[in-house]
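The structure under discussion appears below in the form of structure tokens.
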Amino acid sequence: MKKLVNDPKNVVDEAVAGFGAAHADLVSVHQDPNFIVRKDAPVAGKVGLVSGGGSGHEPMHGGFVGFGMLDAAVPGAVFTSPTPDPILAATKAVDGGAGVLHIVKNYTGDVLNFETAADLAAADGIEVRSVLVNDDVAVKDSLYTAGRRGVAGTVLVEKIAGAAADRGDNLDAVATVAEKVIARVRSMGVALTPCVVPHAGEPSFTLAEDEIEIGIGIHGEPGRERIRLEPADAIVDRLLGPILDDIPFVSGDEVLLMVNGMGGTPQIELYIVFRHAAEVLAAKGLTVTRTLVGNFTTSLEMQGMSITVLKLDQELTTLWDAPVQTAALRWGR
Amino acid sequence: MKKLVNDPKNVVDEAVAGFGAAHADLVSVHQDPNFIVRKDAPVAGKVGLVSGGGSGHEPMHGGFVGFGMLDAAVPGAVFTSPTPDPILAATKAVDGGAGVLHIVKNYTGDVLNFETAADLAAADGIEVRSVLVNDDVAVKDSLYTAGRRGVAGTVLVEKIAGAAADRGDNLDAVATVAEKVIARVRSMGVALTPCVVPHAGEPSFTLAEDEIEIGIGIHGEPGRERIRLEPADAIVDRLLGPILDDIPFVSGDEVLLMVNGMGGTPQIELYIVFRHAAEVLAAKGLTVTRTLVGNFTTSLEMQGMSITVLKLDQELTTLWDAPVQTAALRWGR
Amino acid sequence: MNLGATWAKAWIRTSADVMSEHRVELINLDREIGDGDHGENMDRGFQAVLGKLDDLPADAAPGDVFKLVATTLISTVGGAAGPLYGTAFLKAAVAVAGALELDGAALVALLTAARDGIVLRGKAELGDKTMVDAWTPAVDAAAAAHEAGANDLDILIAAANAAEAGAVATEPWVARKGRASYLGERAIGHRDPGAQSSALLLRAAADTAAA
Amino acid sequence: MNLGATWAKAWIRTSADVMSEHRVELINLDREIGDGDHGENMDRGFQAVLGKLDDLPADAAPGDVFKLVATTLISTVGGAAGPLYGTAFLKAAVAVAGALELDGAALVALLTAARDGIVLRGKAELGDKTMVDAWTPAVDAAAAAHEAGANDLDILIAAANAAEAGAVATEPWVARKGRASYLGERAIGHRDPGAQSSALLLRAAADTAAA
């Protein structure tokens, strides 16, 4: 394992400190417990948005704290949901009197820890609502699983709900638009290489020189299926099939197409993927009106990518286009 | 070699096409020969800025085409300088009558091909000036080398010169400010892993599980020195020493600190690096007033990073802060 | 050893040692069918508990020990295991609240409450390939041993044995809860990390009672 | 074979085959002390030339062939090698402009002009570990052979032999130009890829003349 780290135990603390130092114009960082809040938090009268989860998915979530997106991000240990304490502290720090929305990715650990924090916040008189992001179509949402996972679609939920909050929507309305995005967004990913959790020191799975994992999550966990390496276009087809079948998307739909790098994939490959994904959507009669390409929801240094498709409408498009000013997503100001 | 590619021969063409499809709001893409221009090119009366070089360094340079930065980017084959034809075509496409500045990284291939294109453009009546970026302190600038290489500092040259051009500076003035940045910016990098050029199919060098290369360039070329893996902070010290000695930076200076990922390094590690780099600069009495952290000048999927320090002054700070609207760098609009 | 506060603290101290010792083993189990952090999570949590045990008042009852374990695990472990083990110890603390020394019935009540807490939070059923598959056999074995007139130590040994067997039994199963459920058939052949850490914990309980 | 346009074209066709055949070898040399693209660059460039050779008018002179090679290499190779080889062929074309068939003096003039073109563009000196270290010995050997009264074929063979020896001779050197110069002492022990491709090119010239 070769990493640019000091003591593996300090990875998250040091990275959070570095993030705070690098983006002091946008955020304030609290350590012990670790959380990152908008520089101007709490914003009086505005619904506060809090997300969080295990570290190792950067820029998610800290890179999305700022105007027009999250009010706070709570980083846990690498690939480990944060405990309720920092979630509670972040919730209090961003409560501007209009309530707080927790945007939670659907993993048992995240759900349970955010649940506890929400209960504690409620006990302190803060109105908290939660939404569960579960966009990963690689996992069937059935009684026999923990349900679908939340992956890169989370970024879109955070951006759009953040825009709704910053235009003054109330807690109900922000939660409703977040649920709307969740209902309309689907993702699926592929890994070419595994990743190594610093404290584990070994990859979470191994792949032969000609193997790839289809349907991976974002925690270095193995996927659903292991296949031989294929050309990029064929891999794109494999991911887009289940995505497009799931909602289903229909001809005439306007969509946002996101190609998300898992952390170790060169951008040049992401654009090769984007090119074919856009072709496939066009062939299905879908119009790609908004795009996002880059590393947004990563798995440390994993090579691979995920494709996310969001069915847009006028409201979602307007909220997507609204100004955002965070470390990782920025436009309009 | 596992990559998300189709035929290795088509990597650049397909990626450029995908880039154009993903960022149609910002750029137009020309294929055969490949070049990327600002959507509104040529801007009448504005100095045109053209940069380019081998592909594999994305987002450099295509990701920096747009308002406030480059007018055109010319991608060559992977790690191979483009030929004069597309450089000439791009130069013509962005000539708004005020002349064109070529921002060239100091490699023999880039220098020769841009030189030829500039001669041809001049023959067509376009006034062309060139600046050579050579910020890499890993290579001694002596009679006995091809001179220092241009690496991540190029991004700062492009941003600042771009802002000067967009505020209406003439060709002389834009070239002068570009030279000023070049005179004040220094970089040095480290690789934890090599990278694989798609058409080569094999890594450009190999490193044992406990080895790193200090002083690498951005072409997967070996560095100056191979050492045992060290803690991140020690590596940062190794890179900052030569950087700070070279100009020299002195106590009281205001600086921009850039931590640039080589493509395969997780962001969490870049922030660990940033944290210590900022500490070291503070200890030397330097004030970090501007920051940039992320993958900007990459070597495909190489794991590693480079540190860049630019000595700021009022003019450079103002130009750095000026609005920019490109795929990879965006603020103020 | 009588099952008073001294035992409760010894149990937790031993558990901390055991989690450190088995950290890599638990990480490896979790790498196979999860995300590779379970050993790190448990180790971090129990080390944090260790740092707080001495702050307990001299007259603390076992329930106070378990309450401290609960709140510390909840606030330091994270992931799925943090809330689940935290709730287990919280419910266990309530079940034995006030008692200065635990008898067989209290032991069974403690284990039952802990298991019920895990089920309450995690909604897993027997056979879902989770820590419940260690705890439920342990509870049943403890209850049976108690009914058969076994002494405290033997009740704990019965529980530990059953938990170990339960953890082993998860190996051939598909998972229906937690991260391993994403893997479908590919979880087959791997032991559930949480069931394994549960077995370690209950073995520590028996070992310290034997001392 | 007489050294007319037919030979010039055959030389270039053979060079294209040779660059394809040695593509991986040149890539590997360049991976060691450069950036691993030299074989790819040369192959791409000569394949492009191949596609254009047939467009030449029937009465094209050797100089016309070399001019086509020059412009095509310049516009398809890129990197350092593109402008350097491009200039070499451009200057060679000028040196033999008009001649329908090359004699020994013309051959020497051609090689000298090519080498001078490379030096003009690249400013490398002998011993800098570049393609110049193949070309300059080749020029010298060709001139000496011509002076000694050798025929065309023997002049080309002398040039090819000297270029090969020159390429081999670069191995123990530190580089002072091109990417290999960044490596300092670490370039020692590796042959310069451009010197090697130059030797291949000149061997192809001799081989086709022999046919």
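What to note about this one:
Order of writing sets the chain letters: A, B, C and D. Residues in each chain are counted from 1.
Throughout what follows, contacts are C-beta pairs under 8 Å (C-beta built on N, C-alpha and C of every residue); 3 or more make two chains touch, one makes a residue touch a chain.
None of the values given here were measured: they were computed from a predicted structure.
Counting steps between touching chains, the shortest path from chain A to chain D takes 2.
Between chain A and chain C the centroid-to-centroid distance comes to 32 Å (mean Cα coordinates, whole Å).
Taking each chain's centre as the mean of its C-alpha atoms, chain C lies 75 Å from chain D. Chain A and chain B have centres, each the mean of its CA atoms, that are 29 Å apart.
Residue positions 78 of chain A are each in touch with at least two other chains.
Residue positions of chain C with contacts to 2 or more other chains are absent.
Interchain contacts link the chains end to end along an open line, per the touch definition above. Against chain B, in their complex, chain A makes its touches with residues 1-7, 11-12, 14-19, 21-23, 55-56, 58-59, 63, 78, 192-193, 207, 209-210, 212, 229, 231-233, 235, 259, 263-276, 278, 288, 291, 293, 295, 298, 300-301, 303-305, 325, 327, 330-333. Residues 27-28, 31, 33-37, 40-41, 44, 74-84, 121-122, 174, 176-179, 181-184, 186 of chain C are the ones that touch chain A when the two sit in their complex. Within the complex, the chain A residues that touch chain C are 54, 76-85, 107-109, 112-113, 115-116, 138-139, 143-146, 149, 197, 199-200, 202-205, 217, 219-222, 224.
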